[in-house]
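Look at the two complexes coming up: chain A is in both, with chain B in one and chain C in the other.
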Partner chain A sequence: LAPWAPVVGLEIHAQISSNSKLFSGSQVQFAAPPNSLVSFFDASLPGTLPVLNRRCVEAAVMTGLALNCSINKKSLFDRKHYFYADLPAGYQITQQRVPIAVNGCLSYSLCIDSKMSQMVTKTVRIKQIQLEQDSGKSLHDDTRSQTLVDLNRAGVGLMEVVMEPDVCCGEEAAAAVRELQLILQTLGSSQAVMAEGQLRVDANVSVHHPGEPYGVRTEVKNINSIRFLAKAIDYEIQRQIEELENGGTILNETRAFDSKLGCTVPMRDKEGKQDYRFMPEPNLPPLILYDTKSLPANMNHQQVINIDWIHERLPDLPSVKRKKLVEKYGILPEHSFTLLNEDGLAEFFESVVKRTQMKPKKVIGWILNDLLSYLKQHSLTVKESPVSSFLLGDLLNLLEKKEISSTAAKQVFAELWKGEGKTPLEIVKEQKLGLLQDQKELEQICQAVIDGQENE
Partner chain B sequence: MLRASLRQVSAALKEGRVAPTELCQRCLALIKSTKFLNAYITVAEETAMKQAEESDERYKRGQPLGILDGIPVAVKDNFNTAGIETTCASNMLKGYISPYNATVVQKLLDQGAVLLGKTNLDEFAMGSGSTDGVFGPVRNPWSYSKQYKEKSVPKSHSEESDWVITGGSSGGSAAAVSSFTCFAALGSDTGGSTRNPAAHCGVVGLKPTYGLISRHGLIPLVNSMDVPGILTRCVDDAAVLLGSLAGHDPKDSTTIQDDFEPFELPNLTDVSKLSIGIPKEYHAPGLSSEILALWSKAADLFKNAGAKVVEVSLPHTRYSIVCYHVLCTAEVASNMARFDGLEYGHRSDMKDSTESMYAATRREGFNDVVRGRILSGNYFLLKQNYEKYFVKAQKVRRLIANDFVKVFRSGVDILLTPTTLSDAAPYTEFIQEDNRTRSTQDDILTQAANMAGEQGQELNCFPLPSHFTCPVPLGLPAINVPTALSERGLPVGLQFIGRSFQEKQLLTVAKWFEKQVQFPMIQLEEVKRHDSGVFQHQKSASFS
Partner chain C sequence: MRALLLGRWLRAGPGPPRVPPRPESRHRGNGGNGGHGPLRQKVSVEVLDHLEHLALVDFRDSEGVERLHKAIQFADQLHEVNTDGVELMDSVLEDRCLYLREDDVTEGNCTKELLENAREKVEEYFVAPPGNIPLPKLEERETFLQGS
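Coming up: the complex of A and B.
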């Protein structure tokens, strides 16, 4: 059987972290009472006009720069038309012709084996980033044959990140999305929490034989976590391969991921081919951005958006942070990934290192093996850890000074985990875990044991 | 006094010769007795009187807000007015009470104007007769004038069937100003909708440069061409309104950022430095010989006064109607997509599904004209048609704009053209042709100005001189000035088109022309009865 090459193209919608919506002044807030954050414009009252939110543009520029894109100094807005209850105007304002950023790339890392000991770096090309409006939410109440519409989310700013189909499996997709998530959170341009709908991923999946043209693709939606993203993609790849090997065909359709069943199912709501009748948005002038070269003499960064000014103020991206951790502390690259992967873990690690004389290369073991596994077991975040960095630092000092054995240290750690407020020293005293350093005393104990053995 | 100009009555208010409440009452009474004109959809009696009373107080304290304080005005029913019904003359918005004021409405109210009511129009401003609205057609006040009755041979013995149309789509506003029920009215102009009825009703109709006046709150027809229009009794009044309405609005991103300086019009005496262009292509098929002669006479008037009058060419004029239709219907299809019955407006009882509710709502809510344009527009926007029609039309629009650029660059200051092809048609004749055919004919002289501009490069067609956008203006200013009466005793106007944002020059020339022609005042029985003798004007010399 000829080998199959799966092809995955990801489309990611990231909600912009801003006080107000993309084109109106109403607030952005998760889980507010229904229809409490709706301006006249959001409700599409006739005669209302869009006004571009500067913060949203800055967020998109930051994201574009972080993803190595070219920022278009002139970009345009368009209307994408379709009728749906959660789209009050009957069209979405988006950027179809000339988006704000194009031609970038995202680097991410994968573990080659399950022991996390070998990492390989991959890249996925970013086709474009566009600004667009989010839609409202509609809930179908089948018992009463009605649809309930909540427009709180209608008009919230989104950055759609369109990736080229450079990803080939669920694991890669998950790693790429995870890295994007970290970047967005570092920039602050999106909080990117998937559970709150701030990051939504659609996967376009197809398979083909190498050398042949791409196969028909399906679009997989309704994926609520990074873990499910990998599952959904892998399932869909497998489904397509099986279908084709059995002589079937793949339909160009939209499928939803059913997390309970672990499979993709056709979505009945989506009609086949839609003609969105794209048209330029006549109420918004072309969006003009400047850099230091093109900035008019009489203008400062407050009146216009200066790409260079934003570039200079970008925070360290995850990849840079990891490099710095490896260089500063001599830890392995895989370690730096895990540190950044858990919210607050890197800061915890650095805090412990400051507190203790133990070498960072040894500290990292305690962080990644002991602390992290306890946290995972109890489903806690770093912030919720009952063992503070200070306590752990003190414990490691006892170990470093050889006042306790490493076995004893683990016992103390387990005791600290109970969170009863005792210090490591107090626990050592209580449980008599202190190492005996006195040679004579040790000889006496050994002799006693030997004597005891002889009597039997 | 109801027949006075806005400036004259404002002076009277200031001098205490009349009180705002009295003025308001008289206007309201006149509206009642001219109800047969059907110029108003909603008369806001209570709120108007309240505004007038507040104005009274301010005048008594000697603290009027400005020249508009206490002045009764009317607003076309496609502008949002908080608390007062806004219908667009459509079933879709019958009973719709907007929660906000359009920026221009707010500006009028902030300056103390008294809002008498909302005027009638073609449904959603689609039409050139003000006959296609859900509240019925508007009747041209001149139908009942002494001048018309004397000149025309009645087809029947009933006045009922001889009345003529106002033109459109801002017919209600034009009729309101023409019949003296208000001193100024707001209309809208997309392809001539302010200038056309102004010409037929014998009033001044100004379409300012696109981007000068905010469209926030104006229910759009074509966003890239719509402009709030100003209808007044004389050019000086139009300048006053312009001064109070123009300027950047942060709520409308298509308004220019530059500060606007209100101006008073000088009394031009020397036109020798002026260059007037006469576009030969505006000698359109169907142009009545009467208007042709008038146009020629006007050109001579300028020439004899020492101005340079040159024939110019706008070669792409003949494509402008088709081009306009493609762009207009495409935007209409888009703008009307929001009317689904879900958030506001008419909602059908059809409950089978969301889609069927949408379909039924839109069928019930829109008239044929609106539905026809939506269907056409959607056709042009289909993926397979977009390049062929929409993009092509944008390119043609650029060519039309370049025609104007070339002409203005060659030294011409102002263009002089007819506004309409003929005087107002009798209603019975007018309705024999469908809306689309009529619009094709009637808009021919007016819509190029909406599409044109200098250096119209962008396919996106609307940029403005501000930091965030490209510095290219679009949408030339144009004004109708009532010129003379036709053989049938009905008004005929001529149109002046100026350079972008050069309203002062445009209005100055228009004012000079107005003074030369001395257009006669309409003689209406109803008004004589309601008016006191303070300001009776009898214009004797006339230009015909």
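Coming up: the complex of A and C.
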């Protein structure tokens, strides 16, 4: 049987982290009272016009630069028309013809084996990044056969990141999206929390035999976490392979991922192929960006976006941070991945290293094996850890100075975890865990044991 | 008009736009008519039906369709100009500066006013039908397009 090559193209919508919306001055905020963050423009009342938010443009430029894209100095806005209750205007303002950034790439790493001891680097090409409006939210009330519409989200700025179909399975997709999430969070252009809808991923999946043309693709939506992303993609790949091997065909359709059943199902309410009737947005002139060379002399500073200025101020991206951790502390690359994967863990680690004389290569073991496993067991974030970096640092000092054994250290750590405010030294004294260093005392004890044996 | 670039593989939307780069059966340099000459191609019933679905317009009667034909004729005058080598203009605003607004919260908090317009509301939500109510197929609609 000829091998199957799965092909996955990801489309990611990241909500821009800004105070106000893309084209209006209403607030961007999660979980506010319904329809309280809606301006007349967001509600599409007649006579309103879009006014572009500078911060959203900067966020998109930052993201484009971080993903190695070419930034288009001139980009255009278009209207994408379709009818839905949460899209009051009947169209979405997007960038279909000339988006703000094109032709980038994203590097990510995968573990070859489950022991996380060997990592391989892969890349996925970024086709483009475009600015567009988010729609409102629909709450379906099936019992009363109606939909409730909340427009708080309508008009919030989105960056759509379109990737080329370079990904071939759920694991790769999950790793790529995770890396993108970390980059966005590092830049601050999006908080990218999937649970709050700030990062939404759709996957286009198809299979074919190598050497033959691409197969028919399906679009998988309604994926709410990175874990489910991998599951949904792998399920869909399997489903398509089985269907084709049984002589069936794949429909070019949209499917939703059902997380409870772990499978994809055709989405209802999809009216066949949509014709979006794209047209230029007549109310917005082209968006012009500058660099240091092309900077106009007499323009108002506030009206000018300088790509080079933004480039100079980009923070260290996760890949750079990892490299620095490995170089500075001599830890393994896999370790640096885990450190960056948990919010605040890298900072915690560095703080402990500062506090203790123990070598970073040994400290990392305590961070990744002891601290992290306790946090996971109790479902806590690093910030919520009952053991501070100072306490851990002190504990490791006792161990390093050989005042306690490593077994005793683990006991002390378990005690510290209770968060009763005791210091490591206090716990050692209380539980008499101190190592005896006095030679004479040790001899006496040994002699007493020997004597005791002789008496029996 | 130069044809716009192709839609992309990943987009759910259409491929190339349906506006042909040159209208079929038209000779250049026709001049003098000012767009009031006879229409060279009528718009088919299928296209009219498609338009009614897409834009939810109702052509209603032959007068409505005729108005559409006249509008197309009027726009076709654009083809009488030789635009070879001329860059596409899609907005008369192309020379204007796109104004950039500061990221401040200046609007919103007018729930009551917004909901005044709503025919139906539930606890400050707008109420809509459960999904899009699709326009019935041509055969099932009471439209004059039937039997055209």
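Here is the rule we use: the second predicted complex is superposed on the first by the 443 of 456 C-alpha atoms of A that agree within 3 Å, B and C clash if a C-alpha of one lies under 4 Å from a C-alpha of the other, contacts with A are read in each partner's own complex, and residues count from 1 in each chain.
In this section, a contact is a pair of C-beta atoms (placed from the backbone, for glycine too) under 8 Å apart; a residue touches a chain by one contact, two chains touch by 3 or more.
A quick note: this is a predicted structure, and the numbers were derived from the prediction, not measured.
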Is A:79 touching anything from chain B or chain C once the two structures are fitted on A? First, second, both or neither. first
Looking at the overlay, does A:189 come into contact with chain B only (first), chain C only (second), both, or neither? neither
Quick check on the superposed pair: does A:91 touch chain B, chain C, both, or neither? Answer first, second, both or neither. first
Considering only the touch criterion stated at the top, classify A:389 as touching first (chain B), second (chain C), both, or neither. neither
Identify the partner contact of A:36: answer first if only chain B is touched, second if only chain C is, both if each is, neither if none is. second
Just to be sure I read the superposition right, which of the two partners does A:55 touch: chain B = first, chain C = second, or both, or neither? second
Chain B versus chain C, judged by how many residues of chain A each one touches: C
Touching A:130, do we find chain B (first), chain C (second), both, or neither? neither
Should A:46 be classified as contacting the first partner (chain B), the second (chain C), both, or neither? first
Taking the superposition as given, does A:222 touch the first partner, chain B, the second, chain C, both, or neither? neither
Under the contact rule defined above, give the chain A residues that sit at the interface with chain B and also at the interface with chain C. 40, 43, 45, 51-52, 76, 81, 83-85, 145, 147, 149, 275-278, 280, 282-288, 303
In their shared complex, chain A is touched by residues of chain C numbered 4-5, 8-10, 12-14, 17, 50, 54-56, 90-91, 93-111, 114-115, 117, 122-132, 134
Mind listing the chain B positions that touch chain A in their complex? 79-80, 86, 88, 93, 98-100, 102, 215-220, 222-224, 250-254, 330-331, 333-334, 336-340, 342-344, 351, 354-355, 358, 378, 381-383, 386, 390, 458-464, 466-470
List of chain A residues in touch with chain B within their complex: 40, 43-52, 74, 76, 79, 81, 83-85, 88-91, 145, 147, 149, 275-280, 282-288, 296, 299, 303-304
Could you pull out which chain A residues touch chain C in their complex? 9, 11, 18-20, 24-27, 33-41, 43, 45, 51-57, 76, 80-81, 83-85, 96-97, 127, 138-142, 145-151, 162, 165, 204, 219, 254, 268-269, 271, 273-278, 280, 282-288, 302-303, 305
